[in-house]
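A, B and C are the chain letters, set down in written order, and residue numbers restart from 1 in every chain.
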Amino acid sequence: MSSITDFVRRLDGLDFGGLYGEDFFLTWEKSADEINAVFTVAEALRCLRENNVSVKVFQSGLGISVFRDNSTRTRFSFAGACNLLGLAVQDLDEGKSQIAHGETVRETANMVSFMADVIGIRDDMYIGKGNTYMRAVSEAVREGKREGILEQRPMVVNLQCDIDHPTQTMADMAHIIRHFGGAENLKGKKIAMTWAYSPSYGKPLSVPQGVIGLMTRFGMEVTLAHPQGYEIMESVEKVAAENAARYGGKFSKTPSMAEAFADADIVYPKSWAPYAAMEKRTGLYGNNDFEGIKKLEKELLAQNGAHKDWECTEDLMKITRDGKALYLHCLPADISGVSCKEGEVAAPVFDRYRSPLYKQASYKPYIIAAMIFLGKFRQPQRVLTRLAEKKKPRLLA
Amino acid sequence: MSSITDFVRRLDGLDFGGLYGEDFFLTWEKSADEINAVFTVAEALRCLRENNVSVKVFQSGLGISVFRDNSTRTRFSFAGACNLLGLAVQDLDEGKSQIAHGETVRETANMVSFMADVIGIRDDMYIGKGNTYMRAVSEAVREGKREGILEQRPMVVNLQCDIDHPTQTMADMAHIIRHFGGAENLKGKKIAMTWAYSPSYGKPLSVPQGVIGLMTRFGMEVTLAHPQGYEIMESVEKVAAENAARYGGKFSKTPSMAEAFADADIVYPKSWAPYAAMEKRTGLYGNNDFEGIKKLEKELLAQNGAHKDWECTEDLMKITRDGKALYLHCLPADISGVSCKEGEVAAPVFDRYRSPLYKQASYKPYIIAAMIFLGKFRQPQRVLTRLAEKKKPRLLA
Amino acid sequence: MSSITDFVRRLDGLDFGGLYGEDFFLTWEKSADEINAVFTVAEALRCLRENNVSVKVFQSGLGISVFRDNSTRTRFSFAGACNLLGLAVQDLDEGKSQIAHGETVRETANMVSFMADVIGIRDDMYIGKGNTYMRAVSEAVREGKREGILEQRPMVVNLQCDIDHPTQTMADMAHIIRHFGGAENLKGKKIAMTWAYSPSYGKPLSVPQGVIGLMTRFGMEVTLAHPQGYEIMESVEKVAAENAARYGGKFSKTPSMAEAFADADIVYPKSWAPYAAMEKRTGLYGNNDFEGIKKLEKELLAQNGAHKDWECTEDLMKITRDGKALYLHCLPADISGVSCKEGEVAAPVFDRYRSPLYKQASYKPYIIAAMIFLGKFRQPQRVLTRLAEKKKPRLLA
């Protein structure tokens, strides 16, 4: 397969050794070359699969999933990625386990990992908790490997935490790269990451945070727009600003959806909850203050309600670059008149972009598979070449 | 393996090209040759497995299961079929997903299908809904493939809907064929699909409907028997009548269990709910009229109670052909004095047929596997031959 | 791999033919050679995996898990063992199945087993029920195979019952053997299986029973210690006494934790419920006497409370052999001041032994895999040799 040679050549030019044997928590902990390597391997795996070449590199092994929130697409993306590489998914359903009965994170992490090569965790519910939990799991299995308890250290993949959502934003980015014909064409492109109205409160911050943390690395002009009171984590804004400075792009903020949309090449209108409110909620949960939570939720809904004009309409789309900005969403979207009375996006806009939106989502399993691949192989070029040469059919032909 | 040559020869004589790349919804949408091909491939796969030959044709891929009702045997049959061919089962548990949160069928169908080769759906609860839902899923992934969202289109297999239960009735038929030594011996055989009393209301109509829709294609005399008021879907009765006319059999109805049993070669006594009542119930659910549902259920139980004499007893069995009709049931049966006070079948009858009943069920995984096989391979003969030649042991010997 | 030759040689010297085609219910139903063969194969499989050699012997097949109680480690151990050998795990979740709707054990066992090679069952809740249930399942599938319903008979593995917990105690024993450098060094070693205080009632008896039933076969001096009123099954004590006589060890009882700990080489302090109380509880459940159960539980908690001094403290550890006994627990432990106010073990003791405890647990997947391996292969030596020669990498290298 000639194109695999191209991917291998691209990898040869990158310094991605830091991915081997490590976890994937936050995109901004990874170098530009490492991020690039993930995109490259994702594309290579997709190319092989599209050509009916099996990329099953594991003969056995478990991919453990921990979902602390309902999930369809991430669950299936993780399952698809594991299956593609040869791992069987085993869900750690905390309701069915003895975790409540006095087990520590350290203990559980080791107990489930004797045969595990990957642990995928989604834990985005509580500010200050999700990412911390993932790192605790990671440290536990690292120690387990060191002490000879585990024969192999399962890598931890962040399937969404309170800070970042790397598998989502990298799938988004893969979609952008494909749309614009290559990462080299992104310089100067304008992307609007904007808040949008939703009749539900408490949507995670990981997407807007992850987007400004990642998209500022490609020389793009990234604008974060939201009504006053919907601030995100300051530390991530700092990351975005530093990225922009280092990679020759821009990062700016505005309280106006229209300003962000003006001449934008890409728009990502999506609801989220104010960081401060989410932090408060975490505290209330910690105190089992359910009255307080109810009160807070009521306040948040009322606060949202004051910003129903933050909707991605056809009129707003018209002021984007040539009226043709690429519309993004992590899905499911709150579509006005469809899934709710008033929502994040007008139905005609959503309908027009449905097919590209689904394509955007289609990158996620490959991004996850690439993260695992690069975490497990020191020389992915050699493995990709062998797979391409072997040409074992995925479906017997 | 010489017998594989026989199966291949049988397939060579059949025109089953219409199965390739398509779904399996209703048996009467398939031609006689196509139905025959499913039986042939099911037998071939069973023969290979019995000889410890692996028929794993997928190196990776997901088989997605959607069960909108509790299920043991169909769940395990689907899991077994997928596993046999090399697919990993991923359950779309709607409780664990975000489906409730505003996702459309179209969206979910695509989101779970990036790595999916098959989607098996059981949705038999509501009249007018189940089959419709399956077709919506099918259309969504067909469009997804067309638009380049999906690299492959997962085929949809009907694991039971409001109209038909093709994997059940074809397993039943495989059992009948084996019992009578070949489909060619079925001409003129008499089968009684009869209602039977059960202390529960609301049992699905898919089995009686599926049975009269399928069994009328083999030159058999099919009698549908039920008390007045337990009518099934008219459109399916029409299918049965047309089949009988086309394939040289008979289709008749009677309100007498004894009449149906008289000289029957095969009896299939099983409870079901009146179609009209089920239609009414669907409407009540649509209106969230839970009072109305309770009332309806009470009425249905009372109505059932007037027909406790519809029980498959030893006396009734005696009037079948030589007193030896093949007794069928899709299981679990309501056995009088065992699983309930008064039920569908007398304990001695059930006990005498326990072993054949379990054999009847044993065909289902192979029927499902054959449907997938024929949906995925344009030239199944070539693939079967390769598997037989390769002789890769299922269990290392 | 030279070491595989050693394992094969060890197997050559053992008479373990009785394992082939059989289930694994209780360790004391197996001969010394058979037990030894399980340890040997477990080590061999671990050695191969550690050397990145795939031991996937199944190309397809299901491993069915039935958990009638919450479980983390046993669930993952079973999943890991099945996956290691090539089986896909399919959970029989009784809540999602139709088992409640009139299916018998015999029927369900056959219905789920058409493609099953193993059934792992955990059912330890009710005295007199768990092991009985497993044997009913076993008998059902044995009959299913005999009658031609099943093409293969799935073997039943006891993942914990009311009598024994063989996969746990054999993992414990594998850990002991490794710790002391070989089974041949265990002669005369003193092991204390003692009760310990826990703020929860009703912990299963299977571990203490399993421990005295297994550890008495290695020439060790086994002491069972518990407060009066915490008696275990008499029949298992009898097994222990007979083992001690036959294998040249000792089995004794004492109502003093300190006496048991004195000069012990190994200590296993763990809470359990009195056998008589558990038997009573089973009766109460049978009668749906929930008032009676509540009352019993209250009494049990009060009874436990009178024995808070049964804690594995540093002071107690000091009186063991050189103050360095190997501390064992099946996990999760009730750690004083950590998972509860007062518990089975002092935090410093637990912390000091954390790493060995996790290693102890790490043997379980291999023990389960070895049980399956020996149940499926008449000549495991030949299969191990082939795997070692083939050297198919578990993770593509």
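The working rule: contacts are C-beta pairs under 8 Å (C-beta built on N, C-alpha and C of every residue); 3 or more make two chains touch, one makes a residue touch a chain.
Source: prediction; values computed, not measured.
Asks: Just how much do you need to spin subunit A so its Cα atoms sit on those of subunit C, in degrees to the nearest 5?
Replies: With C-alpha atoms aligned, the rotation comes to 120 degrees.
Asks: For the two copies subunit B and subunit A, is the contact made of the same residues on each side, with over half of the numbers shared, or of different residues?
Replies: different
Asks: Can you check how far apart subunit A and subunit B are, centre to centre, with Cα atoms defining each centre and the answer in Å?
Replies: Chain centres of subunit A and subunit B, defined by C-alpha means, are spaced 41 Å apart.
Asks: At least two partner chains per residue is the criterion; list those residues in subunit A.
Replies: In subunit A, 88 touch at least two other chains.
Asks: Inside the complex, what are the residues of subunit B that reach subunit A?
Replies: 57-62, 88, 90, 92, 96-99, 101-104, 107-108, 110-112, 114-117, 144, 147-151, 376, 383, 386-387
Asks: Over in the complex, which subunit A residues touch subunit B? Could you list them?
Replies: Per the touch definition, subunit A meets subunit B at residues 46, 49-50, 54-56, 67, 70-73, 75-77, 79-81, 83-86, 88-89, 331-335, 338-340, 355, 358-359, 361-362, 364-365, 392-396.
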